[in-house]
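Okay, handing you the structure first.
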Amino acid sequence: MTATTDAVLAGLDDATCDELAGLYRDLHRHPELSFQEERTAGVAADRLRAAGFEVRTGVGGTGVVGVLRNGDGPAVVLRADMDGLPVAEATGLPYASTATTQDAEGRRVPLMHACGHDVHVTCLAGAAAALAAGRERWRGTLVAVFQPAEEVAGGARAMVDDGLLDLIGRPDVVLGQHVFPRPAGKVLVSPGEVMAAADSLEIRLYGRGGHGSQPEHTVDPVVLAAATVMRLQTVVSREVSPFERAVLTVAQIHAGHKENVIADEASITVNLRSFSPEVRRRLLDGVERVVRAEAAASGAPRPPELRTLNSFPLTVNDPGAAAVVRQAFTARFGAERVTDLAPLMGSEDFGVIGAEAGAPSVFWGLGCADPETYERAVREDRLAEDVPGNHSPAFAPVISPTLRMGAEALVTAALAWLTPGDPA
Amino acid sequence: MTATTDAVLAGLDDATCDELAGLYRDLHRHPELSFQEERTAGVAADRLRAAGFEVRTGVGGTGVVGVLRNGDGPAVVLRADMDGLPVAEATGLPYASTATTQDAEGRRVPLMHACGHDVHVTCLAGAAAALAAGRERWRGTLVAVFQPAEEVAGGARAMVDDGLLDLIGRPDVVLGQHVFPRPAGKVLVSPGEVMAAADSLEIRLYGRGGHGSQPEHTVDPVVLAAATVMRLQTVVSREVSPFERAVLTVAQIHAGHKENVIADEASITVNLRSFSPEVRRRLLDGVERVVRAEAAASGAPRPPELRTLNSFPLTVNDPGAAAVVRQAFTARFGAERVTDLAPLMGSEDFGVIGAEAGAPSVFWGLGCADPETYERAVREDRLAEDVPGNHSPAFAPVISPTLRMGAEALVTAALAWLTPGDPA
Amino acid sequence: MTATTDAVLAGLDDATCDELAGLYRDLHRHPELSFQEERTAGVAADRLRAAGFEVRTGVGGTGVVGVLRNGDGPAVVLRADMDGLPVAEATGLPYASTATTQDAEGRRVPLMHACGHDVHVTCLAGAAAALAAGRERWRGTLVAVFQPAEEVAGGARAMVDDGLLDLIGRPDVVLGQHVFPRPAGKVLVSPGEVMAAADSLEIRLYGRGGHGSQPEHTVDPVVLAAATVMRLQTVVSREVSPFERAVLTVAQIHAGHKENVIADEASITVNLRSFSPEVRRRLLDGVERVVRAEAAASGAPRPPELRTLNSFPLTVNDPGAAAVVRQAFTARFGAERVTDLAPLMGSEDFGVIGAEAGAPSVFWGLGCADPETYERAVREDRLAEDVPGNHSPAFAPVISPTLRMGAEALVTAALAWLTPGDPA
Amino acid sequence: MTATTDAVLAGLDDATCDELAGLYRDLHRHPELSFQEERTAGVAADRLRAAGFEVRTGVGGTGVVGVLRNGDGPAVVLRADMDGLPVAEATGLPYASTATTQDAEGRRVPLMHACGHDVHVTCLAGAAAALAAGRERWRGTLVAVFQPAEEVAGGARAMVDDGLLDLIGRPDVVLGQHVFPRPAGKVLVSPGEVMAAADSLEIRLYGRGGHGSQPEHTVDPVVLAAATVMRLQTVVSREVSPFERAVLTVAQIHAGHKENVIADEASITVNLRSFSPEVRRRLLDGVERVVRAEAAASGAPRPPELRTLNSFPLTVNDPGAAAVVRQAFTARFGAERVTDLAPLMGSEDFGVIGAEAGAPSVFWGLGCADPETYERAVREDRLAEDVPGNHSPAFAPVISPTLRMGAEALVTAALAWLTPGDPA
């Protein structure tokens, strides 16, 4: 298969990669929030059509599905996610985003591709084009899925609910990748657990508002929220075994419109990460127990309300399929560029597609940090400071060799399943 | 003087009061934020012009000054404030506000006359008209000041800075009133301290953002803010003498745009109330010490920034002038409707005008609660629950007799200074 | 009466005061805990017997009552309290206490007269001797009460329950004094509220113990206690009107015997001060609400237990009797040495005796700070640092003129009631 | 070797085990604190002498070393620790401890063998006797070490510093065991990491004392300590990667002798557990940063003092030696009774002896829970509630088969090194 792969990848030449770099900069300048990826989806659909795919748009909102039927043979799904984040970009890059949007409450929020989904879209566009261009070298069916709303754990589910499986049938494998702050030029893949399960809750804490000068007539929701946040720290520090991996993050806290008016309520969001149902349950139970008791400690007029915002399943690589991918990567890139992917506390809804389609799935990591910066940071023990990670306002994948490597990884992994063709 | 007062007040008949009630409902439906009181100022200016005042608008932003020169005699300033609050009205009244606006960050915020400034505007409009209609019964100069932005302690200062004193000279007295949740039909007035000094600070707490699943690479600003709020409670509970009157309220706390993204910073506002420079200093010092130390406890990458939002001076009634007002009220309303005004932790910028003009000033309270509800609440020890106070979403002055009483109080107090006229 | 007073006080000459200073130093070196004042009571009883009083000991534990019947006339009770405190003295005085004792749990605790009860005992011993020596100059009955256990609010009650009223009947007045960190040579007296009501609770917070390395199997009582302490701060900072005077102090917190063993429980004590039944109720309710809710937040296996340690009533001076005392002091000491006694948050069980005996009572303050140090501290705004107050390890009354002034005050006030005698 | 083992273990018959049970109950009734194990050491020395060992006592305080030279051959060290804990026993056993002692500050503290060191002593006494009785069946040198003060990480170090290595030379292996709440009858052994590194700090937090009614003149050390405890929770919850194993326990908090006296200081102890130098450093740095900042937040008059109480090294089993032990156990007990020993957050100073002597060491676990209770608890997910762990007041090893299994395990492991003898 290596020869086939080499031949197909010959199409990803320097000129093509320069063109992909232009696409990437354009996408990076135009991040869109989850389920609002209209522009990104349009770009993806145009690319697929130009490459000869049958294209369906609007799948699960803004999702795009391209199918290239190329004779008998296995079916391979390649998936990329498309959404950006409400983060104010602080990379200082010439192509940095200055985009903003409004959230549901009318707040103007900044936008940034702070999780690298623009890399994912670019690489899949490049891989789809390369595989289409080299279609005489393989047989089978290639499906490109551009998925919305990964960040809210809703996009994969929405596409499935909107008929994705009717379009893709039961593929032989579902493949996806994600950029991580590891050296560009490397791929990371392992069998088993890849990413954590995640649950996010929105919690409304009710007080009783009043004049800022008369706290004795109120139930102060800011104090209630603050006490709750401090108490929630103990769920991880005291209630979960140190041998378990668990995170509880309160990433949002909001109360009050005016400095002299005590508000009626406060809201917080809680983000939980776990790798087992038992730990997940312990975290959820701990949150609920603490939240209800702190409201009682404040003498709250109403109990708090907890609402699930989203739930990500565990992401688990099929061991056999992961071994196939790793072997293909090693053959193409050399062993020194293929490393293990240790489990991450981050979460994904990638696994939903394979689970629903009854197909094995493999999710690998793609290094995107400047290798020299990375190595120096490791030496100086400054990784956290000098190599900003996903969701940081300073997250900045290097364009080369990240884009080429990502596109090549998709092609290489896909061809590990597809039947070699018979080029004239 | 009582005869004069009675004669002038005869003009405030039932029909006039009904008309004022209509004005009040209209104002109540259309609250405006501080320094945005365009509509309210327009209504006030129209009323003053119709009554024969010389009118200047746009004083200190949206302020309105009406002057009625009516022969030789003392000059009296009557002041009303005009601004509403970003509170979501929950009174259920037929004329409840549904208005909203956007704040500086683009957030849609609800609006409500939750502090009764619509009552103040209505009463001053009514009093000005009555005094103008009865101008043959007094001699002197009457000045009506409709002030913007009391809620942010900026309006009185802005009007002074914009030339208010050129318009009003050095009056003999500056008079003002405020509705409070006391029985409608009563006025409250005392010499000396009336309302507390207040200082509001906005505090930005800097962390280091990142992915919600990787707290170890971040400095969590939500935890920093929560710890700060809890620690700030000890400034009042441990550092101020129980014999002093002090309040420290954190009315706003905001951090985070996304449930899985740890933000770079959090902001809180701190509202401080005091009656002495020593206590004010202790509060300010305590806030700064706690805020800086909690940032250090978090290992914050940057020290916090404290910015003064506004500072209200102490409101103090001139003893002699207060005695004059009280005597006039007692003569007009009867002793049973005039009570002491105990000092309040609330704050006002009313005092700025008199202080800058070198004139004594008197600020009195105007009951606005349904008397029966009030009495029952006192009996059942349910004042806090059943008689919502200023800034509460349920704050709902009763129209009658509040409006008439407020207009009469302004007329009565003004006539205590003005020279009786010589009606034909 | 002044002449009588002067004549009786002539007996308090320099030699007598020197002797009293020796008594004071001896008492100061030998502080005893509440209800353990054996040695102090013995000294007091010896002094009373030597002066000719009928003496009863062991009243209410270690209380001493001396009665001097001296013809027809009013009956006056003079009361001094005797107990020291578990404080490690840090005055550096040559007569500093190095005494220790064991508490109920076997802990060795340091002892100190950190509240000046040794001054009170010395002054009453001196006053009783002077009045006895000058008995031909007055008629009536003089009762000296040396009370145990003021610090735990138990001694006055214990003496009453043990028959004190049978010994003293219904006196015409009950008088007492207390040293405060005000300039020595001054007395402080006012009508009405003198000292706050106080309630102390012991609270046991139950967790579930275990190995320090396995918090997930425990309910950590240290975290529970810490969260409770932080939350209790909000009772004063948020729930009590700033116009009320209230204190909530957690003075003791204890949990754990070993650094690697999570304990089964923690205990805290809560000390509450108030001047009205409503505020007292609000404090007590707030404590109970917070304590129960925080236990629930921890998932405690048992609810917490709250036990009342002691309750001090309000101390209120009878207005008429206070006026008599103040007049007598002014006549004797000059107006410049008699000042108002502003209400204090500290508490006393002195009031129990008068209330139970149906007699008016007056409690005054006695300055005990070096006047020069005091004045300089006021000028430099360093009172808290340079003039250590009651219960501080550095509390150090100056011997002269404190002792003489205290003895004279007792004599002067007593003679304001006693009938002048007819000396030969 | 199995035949040799079986032959030696034949001496551990039912009568012998009954006798050991009596020894165990006696030791259990008489726990002693670290470095105070006088009685326990006496019992151990007597047993060793009776079995024919050369005995040295007082090694490193109360340590006991018995040497049995039995011809040429390897030298094996068997180690048991002897100290109890300041825990109030709540097992309800007929042989429960009611012993107490005084700590350094004179507090009466309860005593309990809450960590099962009485089992360790009993088993080693039994194993030493059995090996001595069967000495014709093996050749070599057997060393029995009864070590004091494991709980404070001081005993092994103290014995080494007091010449232990002169007595034991360079042995071929050092062996030890510990009871754990796993089914009695099972042993647990694995290569590599066995137990965590631990560091304990005592932290003194300085405030400024005063009267409980005057917090404004003090710096409240109880609030300071509480805020510190809450903030310390965030070191684990926010600063350590969820993929690392770390514990931070504040097991002790003490402040205040009197409910109405604010103390001058508070003390807490912090117990840290880690498996890597990086995590250990992060914990230590986090503690110091938080503690210093919280003192600053309180305006503390002196910075806090941090003192290291003890430091346990990582306990690591030599892979080769662990394999030998596991093989011997499997041969003797059957594979179903030998399981893996997953790393524990608990800590040991066992490793000090081998590390100092330059010998490999193996430390295994010994089940001590009633098997039926254990299995039911697993089924009902009630392990934490129904199977109390080490350091719990309810920790209660079952006598049978724990004691026999523990003695047999020591004999079996020792004989895996000793040269088989040539019994007549």
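By written order: A, B, C and D. Residues from 1 in each chain.
In this section, contacts are C-beta pairs under 8 Å (C-beta built on N, C-alpha and C of every residue); 3 or more make two chains touch, one makes a residue touch a chain.
For reference, the UniProt names are A, B, C, D = Hippurate hydrolase.
It should be emphasised that the depicted structure is a prediction, and the values quoted were computed from it without experimental measurement.
Note on connectivity: the fewest chain-to-chain touch steps from chain A (Hippurate hydrolase) to chain D (Hippurate hydrolase) number 1. The pair from B-D, A-D or C-D that reproduces the interface of A-B, where over half of the contact pairs by residue number are the same, turns out to be C-D. Comparing chain pairs B-C and A-C, the larger number of C-beta contacts belongs to A-C. The distance from the centre of chain C (Hippurate hydrolase) to the centre of chain D (Hippurate hydrolase), with each centre set as the mean of the Cα atoms, comes to 49 Å. Note: centroid distance chain A (Hippurate hydrolase) to chain C (Hippurate hydrolase), computed from Cα atoms, is 67 Å. Distance from the chain B (Hippurate hydrolase) centre to the chain C (Hippurate hydrolase) centre is 46 Å, each centre being the mean of its Cα atoms. In chain D (Hippurate hydrolase), the residues that reach two or more other chains under the touch definition are 214-216, 220, 223, 227, 230, 233-234, 237-238, 242, 247, 273, 345. If you check the complex, the residues on chain C (Hippurate hydrolase) that touch chain B (Hippurate hydrolase) are 230, 233-238, 242-243, 245-248, 273, 342-343, 345. Every residue of chain C (Hippurate hydrolase) that touches chain A (Hippurate hydrolase) in the complex is listed here, in rising order: 214-216, 218, 220, 223, 227, 230-231, 234, 237-242, 289-290, 292-294, 296-299. Against chain A (Hippurate hydrolase), the residues of chain B (Hippurate hydrolase) that register as touching in their complex are 85-88, 102-103, 105-110, 114, 151, 196, 198, 200, 202, 209-217, 220, 222-223, 225-230, 233, 247, 249-264, 266, 268-271, 273, 309-310, 344-347, 384, 388-393.
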